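What follows is chain A paired twice: with chain B in the first complex and chain C in the second.
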Partner chain A sequence: MRDVDRDEESKHRSPILFLAPAFLIFVFFYAGALIMLFVQSLQTYTPGRIVQVSQSFSFANYIIYWGRNLVYYGFLWDSLRIGGIATVISVLIAYPLAHKISRTERALVKKTLLTVLVATFFINSIVKVYSWVIMQGDAGLINEILTALGYSKVRFLGTDEAVIIGLIYFLFPIATMALIGPIKNVDSTLEQAAGNLGATNTQVFFDVTLPLSMPGTIAATLLCYALAVSAFIIPMFLGSGIVLMMSNIIFSRYSESFNYPGGAALAMVFLATILFIAFGINRLLTKRLKGFGYG
Partner chain B sequence: MSDDKRYVDLELVGLSKKFGSTLAVDDVSLTMPEGEFLTLIGPSGCGKTTTLRMIAGFVTPTSGEVRVKGEDISGRPPYLRNTGMVFQNYALFPHMTVYENIAYGLKIRSYSEQTIRQNVREALDTVKLPGLEERYPKQLSGGQQQRVALARALVIQPAILLFDEPLSNLDLKLRQQMRSEIKAIQRRVGITTMYVTHDQGEALVMSDRLAVMNKGRVVQVGSPTEVYEKPKTRFVAEFIGEANYIEGTVLRSDSSGVETKIDGQVVFAPPDTALRENEKVGVCVRPERIQVYRGRESPATGERNALRGTVEEVVYVGSIVRYQVRLDRSKMVVDRMVASVDNLCAVGETVVVQWSDANTILLPADTG
Partner chain C sequence: MDRFHLYRMIDLLGRPIVLVVLLLTLFFLILPIVITIIISFDPRSYLAYLPPPALSVRWYESFLRNPNFMQGLRTSVVVGGVSTLISTVLGIFASYGLVRYDFRGKESLNNFFLSPLVVPSVVTGFALLGFLSTVGIRGSLERLMIAHVIITLPYTIRTVSATLTGFDRSLEEAALNLGATPVRTFLDVTLPMIKFGVVAGAVFAFAMSLDDVSVSIFLADAFSSTLPVNLFAYMKSTFDPTVAAASVLLMGFTVGIIIVIEKVMGLDKFVGIGV
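Now for the complex of A and B:
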């Protein structure tokens, strides 16, 4: 038994050479950049200077942003909250569609839906966002319809809702694509077996399909959440400077006040928070799923 | 047939299924009395699984009806049909324990916790698996998973029990053991059962009746003995058991019997009033019904079918030996029990093959 396993393993072991590009990208662009960012966050900010030359390192920036007042906690919380709401709604909308694509026996339906989904990825994100600005603007389509119907105009841009809707629009196709695999992996004879035992389609869904696709669903959710909380363009345009998410705050530190160390300190805490959340969810999940024989 | 006083439990009436332009199931009609074990058997793609799935409700028939106790259920979704299905891959819920798997159908039916507990225990006793309640399917062997699947199907007390090639993933020994166990459980519970397989051994051992399917149609229905002894077509003869099939011509046909000519030699068969002189006919003999005598002359056993030939191949399989005997243009396969290994015929040896009239099966010529 052990020998068989070892054979399997060596067969699947890819030569180091093929892994090298991924490894190099990771070391230079992720780990390297992260270390530089951390170093930067420890430097002292001198107004008017972009390149900081100070040789002394301190946690002063962390204290300025995270120790003296609560305003940045507000931005952090807004990012996590808005991103969370958008993610949950996106996954909830995406799941039935992904289920349909995974289970339909009609090739045409599957192809059409997939093509439409993939097509949305090809639309430039600036174009996507502007299309929403046009839709939601004071003279936008939604307000035109409202006025035509005799209602008063509603202000969308600059509200949480506008940003959330924009994020859903951006996340929904990604969530769908990420969910197709996990749902497809649920053996359809298990669904039939449940139906045969008397379960209605709804019961089959909640008793079999959903729990068995849970690991993949959580992974898809985490992916969407990471994209949502770190969103930049969508809150920038649809938030109109009123709704600010962490990316926008960090961006303004870098590009408006040229406070690189300050931006770095904000980014480090933001990153740590997201990692902590992702790790927590993952941890909770693996513990719960071990019993199912997934572990 | 007509003197059967049992209730009809399951009835298929002109059941057909088209997938695109292919007719997967073609006008299948079957009637199963209460408690019967009927096997749908045929090669892959013959429509047997599709037929079963139409009964369970996973496939919607293009036309025809499925009746359970006289009631047409073809329009109902699977969950309102009360059929218990055992799947080929067992289809046990991997995220539920053995107990939860078996209890699932009862929970759906909102039984009380106590009733569920008791029924699950009884079901596990029935399939001889007590004490494994808390295991997950992954922790069970193939045979055990099979039993859990059976218990799960039985515990809901379905009107009909359906099996979709349930033993094909097990090794030979276990398969043979499970055959007789499934059969014993079915008999004890007395549940009407439809069983799908392509394994003729399974079909012959387990069934009350077989329905042999080919290209979407039921070609013959009968008890294992009927189907084996009196196949209606060449296809049935060759699919259920093995058969030597040689085409010939009817020389004479009357009340005393049928005389046919194959490969220049005369073969006698029991009377068949439907056959006329000079008609083409398929002559069929089972390999194990043929005797082999060494030398050129057959002993005077009183059996008239005696053909001379040469041994072309000898395959020794332990309990039996299989000879391939070349006649003139045709060949015959003969199976003999090995009484003594010193007395086997050799390749190239001249022999006489012999069988009784009663063992000659006459079939319509040239049917697939």
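Now for the complex of A and C:
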């Protein structure tokens, strides 16, 4: 009887049964798909087929897209730059709201802010994009206000700024939600102690709250950055074919030329860049911050 | 002026500045939504200056009478429902394995499960298109469900893990010591304690499934395509306020989500569980 019990227990000790279903699905469909993408990027493009099946493998597609000219580096750079500006602004304006929600004592203020936050988080992305196309269009609200004030109309759609505003609208709720946890986790007695010892609110914020929430803030920023750089429908509509980001370029390999191996070579380099940002930089920064006594 | 007085001054100026930033932020968040709601009742079939000369529900009719959109809505509900169910169950099990056990490579496995959050979704969609064609899964419904399980699993794992980490393990051990089977312990002790994480995960999963364009656009075909993909295609060709009407109806869904969250656990707790 005891041995049976022990068997039961040791079976219960192994996480394999719990992890296997998700793991197998992920390995087969997800890792499988990404490996397949890499294999396809080494194939030669034959028009009219999705999956290429030649026996020879070469880096020809990488040379075509990443070796012979600089056009695609331009699109990659645009994605990193536009995504970067949008991320920095989003996190900067998200921090005060996240701080307010985490620290306010007034129930009504908290509830109102939370409702707006969760609502804007869950509003469908298509709705967000459509709203900004309306706002920024030639007959949109911004131009209506400009003409009412006696200025001439401005063409917003197709500019970097239009895409950046759309991205901020999309990133802001995500950044705020991701920042609330780290700010809440800062022990508020430490803040009170600093205040009691004569620190001003500004000092408390910059010397206690901000440094202690820094690891979480970095994680939130990098998550937003990865999402911003890989944005698809926002640049598609607000960039209106003039501002193109990497996701739009990869999609056009599918929708316009149906060049699967070419798209795969673009996607692999893009993927490597994003993974480096999301995991590599995170590791680097958290290590360095630990060296400075943060986190 | 010494440092102390400088800080005091920043304190005094800081408060109104932060307040103004907060109010501007709220304005920035709410304004586009209000404008979309107004446009959805605008009878003019082109975008023009506000206010509209009259009010009309013709764009709601246009949306509801469009068989393409109705098919998309059905597909979205089916794909969202099935993938949420699968993703929630897988997420509960995987989180339990990840939080309750120690093993080598745990951190890497966790990163692997969460990676669809950072892998560009266009890359995921593009990769799945090639892979699913190769292994012979051609039905668009199956393809969409597989894809949506992959993109929603990070959310269910994160929310369930967050609640699992928070609660006392000794309750489970007590149940086991008192003779409850592991299955009973899980159903009667663990599950009730992580129920908020499970609900939050399911809400995220369904909403993200309904939100997705960039993965689904590669996998949908003309007969079963999701609503956002159909709206995307429509917006590329026509820009009348039908999409505004669709937007308002989708906002109704968002309001529904908020009511459910508020009733089940409260927004505060939900946001605490986090993305």
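Just so it is clear, the second predicted complex is superposed on the first by the 263 of 295 C-alpha atoms of A that agree within 3 Å, B and C clash if a C-alpha of one lies under 4 Å from a C-alpha of the other, contacts with A are read in each partner's own complex, and residues count from 1 in each chain.
Criterion: a contact is a pair of C-beta atoms (placed from the backbone, for glycine too) under 8 Å apart; a residue touches a chain by one contact, two chains touch by 3 or more.
The model shown is predicted, which means the values in this text are computed figures rather than measured ones.
Colleague: May I ask you to decide whether A:I25 touches chain B, chain C, both, or neither, giving the answer as first, second, both or neither?
Modeller: second
Colleague: Pick one for A:P211: touches chain B only (first), chain C only (second), both, or neither.
Modeller: After superposition on chain A, A:P211 lies in contact with chain B alone.
Colleague: Counting only touches as set out at the top, which of chain B and chain C does A:T189 meet: first, second, both, neither?
Modeller: first
Colleague: Considering only touches as defined above, state whether A:Y73 meets chain B (first), chain C (second), both or neither.
Modeller: neither
Colleague: Using the touch definition from the top, say if A:Q203 reaches chain B (first), chain C (second), both or neither.
Modeller: In the superposition, A:Q203 touches chain B and chain C alike.
Colleague: In this superposed model, does chain C or chain B come into contact with more residues of chain A?
Modeller: C
Colleague: Using the superposition on chain A described above, determine whether A:Y169 touches chain B (first), chain C (second), both, or neither.
Modeller: second
Colleague: Regarding the shared-chain residue A:F59, is it in contact with chain B (first), chain C (second), both, or neither?
Modeller: In the superposition, A:F59 touches no partner, neither chain B nor chain C.
Colleague: Using the superposition described at the top, list the residues of chain A that contact chain B and also contact chain C.
Modeller: The overlap between the chain B and chain C interfaces on chain A comprises residues 200-201, 203.
Colleague: Which residues of chain A touch chain C once you look at their complex with the stated criterion?
Modeller: 8, 12-19, 21-23, 25-26, 29-34, 36-37, 40, 50-51, 93, 96-97, 100-101, 110-111, 113-120, 122-135, 137, 139-141, 144, 169, 172-174, 177-178, 180-181, 184, 200-203, 223, 226-227, 229-230, 232-233, 237, 246-247, 250-251, 254, 260, 263-264, 267, 270-271, 274-275, 278-279
Colleague: Give the list of chain C residues in touch with chain A in this complex.
Modeller: 4, 7-8, 10-11, 14-15, 18, 21-22, 25-26, 28-33, 35-36, 39, 46-50, 90-91, 93-94, 96-98, 100-101, 103, 109, 111-113, 115-124, 126-135, 146, 149-150, 153, 157, 182, 207, 210-211, 213-214, 217-218, 228, 231-232, 235, 239, 243-244, 246-247, 250-251, 253-255, 257-258, 261, 267-268, 270-272, 274-275
Colleague: Could you list, by residue number, the parts of chain B that touch chain A in their complex?
Modeller: 56-58, 77-79, 81-85, 87, 89, 91-95, 104-105, 108-109, 136-139, 152-153, 156
Colleague: Would you mind writing out the residues of chain A in touch with chain B in their complex?
Modeller: Result: residues 187, 189-190, 192-201, 203, 207-208, 211-212, 291-293 of chain A touch chain B.
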